[in-house]
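I've put the structures underneath this note.
Each of the two complexes below includes chain A, the first together with chain B, the second together with chain C.
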Partner chain A sequence: MKVTVCIGSSCHLKGSRAVVERLQQLVAEHDLKDRVELSGKFCMGNCRNGVSVTVDDELFSVSPETVDDFFKQNVLAKL
Partner chain B sequence: MNDLCTDIGFVSVNKFGEQLCGDHVEVIDQSDDNHVVVLADGLGSGVKASILSTLTSTIISTMVANGMSLESCVDTIAATLPICEVRKVAYSTFTIVRTIDNREAEIIQYDNPKLILLRDGKSFDYPQTETKIDGKTIFKTKIDLHENDFLVFTSDGAIWAGVGTTMNFGWQREEIVEFLEKMVRPDFTAKTVSSLLLDECCRLYGGKPGDDTTVCTVKIRRRRSVNLLFGPPRDPKDVNKMMSLFFAKEGKHIVSGGTTSTLAGEYLGKPVETQLDYLDPDIPPIAKIEGVDLVTEGVITMSRVLEYANSYGETDSVYADWNVKEDGASRIARLLLEEATDVNFFVGTAINPAHQNPDLPINFNIKMHLVEELSERLKSLGKRVKVSYF
Partner chain C sequence: MGKEGRKFDTKVQYLKYKVLREVARIAFDGDEFQLANSFNDIAKVVVPGPKATMRCCIYKERAIIAERIKMACGGDKSNPNVIEVIDIACDECPASGYQVSQDCRGCIAHRCEDVCPKDAITFDENQKAHIDKTKCVNCGACAKVCPYSAISNHVRPCERACKVKAISMKNDDMRAAHIDNDKCISCGACEYMCPFGAIADKSYILDVISMLKKSQNNTAYKTYAIVAPSIASQFTYAKLGQVIAAIKKLGFHSVVEAALGADMVSYTEAKELAEKGFLTSSCCPAFVDYIRKSFPKLADHISHNLSPMATIAKYIRDHEPDCKIVFIGPCTAKKMEIQLDRVKPIVDSVLTFEELQALFDSRDIDFSQLPEEALDNASYFGRIFARSGGLRDAVEQALKEQNIDFEYKPIACDGIEECRLALLKASKGVLPNNFIEGMACVGGCIGGAGCLTHEARDKNEVDKYGREAMEKTITDAISVLK
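So, the complex of A and B:
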């Protein structure tokens, strides 16, 4: 599974870094390094609803507050 | 015209407790390739010294730049400077370096520590002729310059550093030469070399300089262009035109901006590989595109670059954070401030609607303002700057 976080200007200001770091933590905690590939992308063209995150090709809006729920519902549940 | 240029950088510290510096450096650019640099050290310290050295350097540089002979310069100074009540003399010591076409230098020295010419990492012993004007002994040198020659000259505060504290007799010219031969690498800028030496003097003085100390370096270097692409063009039809002009330029290429890097990747037919390493917590990570030297996020990174550019030269330390860090802003700062002699900005004026949110500090005006301020700052640092808007 490929999880991509937008790190463009707008998403950066809305907390990309916190989202990336929390996702890295969660992936490590669940020992999913081999199954979940985390990557970044500059601007997904969805700046208004940042932080933009895609799981495979599906687009989500995540914030540092919702990242744990997002991980449960859209990463863990779908593996 | 040749592809060399002259890089001039100087730094000073005041005598401990003084508000004013008694040394003064005056630089006159007669053209891109001809410069006159005068370092004057006024007698004593404080306001009197400051006035003497400012007058001396300004008079000499203006007169030399206008082709007057050295004799008349010295006469004028003798006739103009106010006489010190205590010492009954009116002068300041000086060093004049005049570069011609970046290939030749005329060096005139009066009573300052003898200029050090570093060539291929070693001190080069240059010939001098002695002249007496008004009872003052003046040394003249005319010499051909090579790429990466460093001409380092100082006020006498440099050689008194450490007298009576860390060393008995200060450090002499030989020790300064040894220090420079050991420390200076060919890619250092004039400013870096000056700061290195001045920092060492301050260290020897134990942080309390016993005299005003100034170090000035003139370096002959090859011109280097750095090109920076910032923002997509207003009319999407112009993307190809903008990209082809940008990539046709000689020198290094920086692409700054999310959408901009996507467009550059498409133009080159190469993927944009983003990294997730936050080397600086506030600066978005950089990316890689084959064929581009550096790919970064846009406005946030460039705002930081502007901060670095504005503090460049204000703080005298060479050991600024951005000198060693690897985040996008530090890397752009190194390329623009240290490596480039010529900077070409390719600025796209498309408005990103998502950035026009008043809560975000990244709107269009801020972006345009960034470019203007940065290019002004780079110009004031002596670089040739060209800005093209698309």
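So, the complex of A and C:
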């Protein structure tokens, strides 16, 4: 599974670093490094609803507060 | 120069800008065929006549404009250097070396004669001094001692500006300036100093416009703009966020800070320095080129890092191989850097701030109507790379953040002359420092030839922009990239 976090300026200001760091942590904690490929992208053209995250090609809006829930529902559950 | 012209330091820049703008206008709206047919039209827009304002007649003025259009369209393809002399624009300024002027009073002391090591000074019946050019070695001793400052050195502005001594006079009747490509580091200093605008950098605006058009609004592929941190000191008539919005309005998908690449560079450069014990920076392409051309024995000590531009571009490229990447900055030497084997596959083209201004105005972008868009990826330290001393400070911070135990003894060389001195000492083993930050332009990138303006407060603008960064440490800024 490919999870890509927008690290463009807009999303960065809305907390994409916290989202990336938490996702890295969760992937490591659950020992999913072989199953989940995390990467970054500069702007997904969805600046208003950042932080933008795609799971394979599906787009989500995540915030540092909702990242744990997002991981459970849209990453873990879909593996 | 008018209100519009005040965006630039000099009227020469303004002139070049007008040509770029008109070429861009046609390239955006039409095609290459149309452009080929528009040389005369553009010349008439830039030189409306009927009276000549720059040269002997409007026909020469227009002929030179035609040469400028050629530069705007990529220049002489057979010349590998991006900096070129426009022969017919060169005024062949007198370059006679030390000359005695009318101010010579014909005094009794004759200090000039006493101090001359070559007995090159003679006196006429009025006791006025004359310099025998067959004996004079241009040491300048006479000029220093003349109580009336009547002796001065007549050097062409381009030659004076070129500290790597790559400029000479052509040995023909024209006596136009000539650039030695084996010495030239493409910094653009001569271009900025020539009062006639007879030296110019090749422009790749046509390539960029074609990329933007073919992307079909970033659907066929995405075009990324990587902007240099020195942008903070430019386009002062608008807010930085509006400039970002304007870049996107031209058709770029996203604007990314080269300063984030600088954060990445300082992080790995700190490690490399601790490992190797002595290093010269690799951020400034003109400095790197200078080492390779003039101090080849030191080339092994050049940091193996790509420049900040290429480092961040590589990250984007690795994740999106079919995208297009354009660097926008103050630098003419970057146009050479992207031709290097290591960089060619990563960065597609380079624009200067001058050229960006021309693109904005070719699309008649109205800044007062633009919203402010965000530009925030890098840390304070990545952003201050734009000025002399920034890289030095960033590497120090990167050593600290990584708890690397290393006795850091840096030297920040401001301008290619200071670089030369440090490299000379290093080559003889007498440099007390173990890290050389080399910036070819005085002031750092904010002194680049491709800047619209060069002002004393530019450094403060860069530092201010640095302090506004959301990320305060290098580690935090680059953590998203791992």
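Everything that follows uses one rule, which is that the second predicted complex is superposed on the first by the 79 of 79 C-alpha atoms of A that agree within 3 Å, B and C clash if a C-alpha of one lies under 4 Å from a C-alpha of the other, contacts with A are read in each partner's own complex, and residues count from 1 in each chain.
The working rule: a contact is a pair of C-beta atoms (placed from the backbone, for glycine too) under 8 Å apart; a residue touches a chain by one contact, two chains touch by 3 or more.
All of these numbers come straight from a predicted model, not from anything done at the bench.
S.K.: Is A:Arg17 in contact with chain B, with chain C, with both, or with neither (first, second, both, neither)?
M.R.: both
S.K.: Determine where on chain A the residues touched by chain B overlap those touched by chain C, and list them.
M.R.: 5, 7-10, 12-13, 16-17, 20-21, 24, 39-43, 45, 47
S.K.: Could you pull out which chain C residues touch chain A in their complex?
M.R.: 218, 224, 244, 253-257, 315-316, 319-320, 373-377, 470-471, 476, 479-482
S.K.: Give the list of chain A residues in touch with chain C in this complex.
M.R.: Within the complex, chain A contacts chain C at residues 5, 7-10, 12-13, 16-17, 20-21, 24, 39-43, 45, 47.
S.K.: Of all residues in chain A, which touch chain B in the complex?
M.R.: Going by the criterion above, the answer is residues 5, 7-10, 12-13, 16-17, 20-21, 24, 38-43, 45, 47-48.
S.K.: Name, in rising order, each residue of chain B that touches chain A in their complex.
M.R.: Residue list for chain B touching chain A: 257-259, 261-262, 272, 274-276, 278, 281, 284-285, 287, 297-300, 352-355, 357, 360-362.
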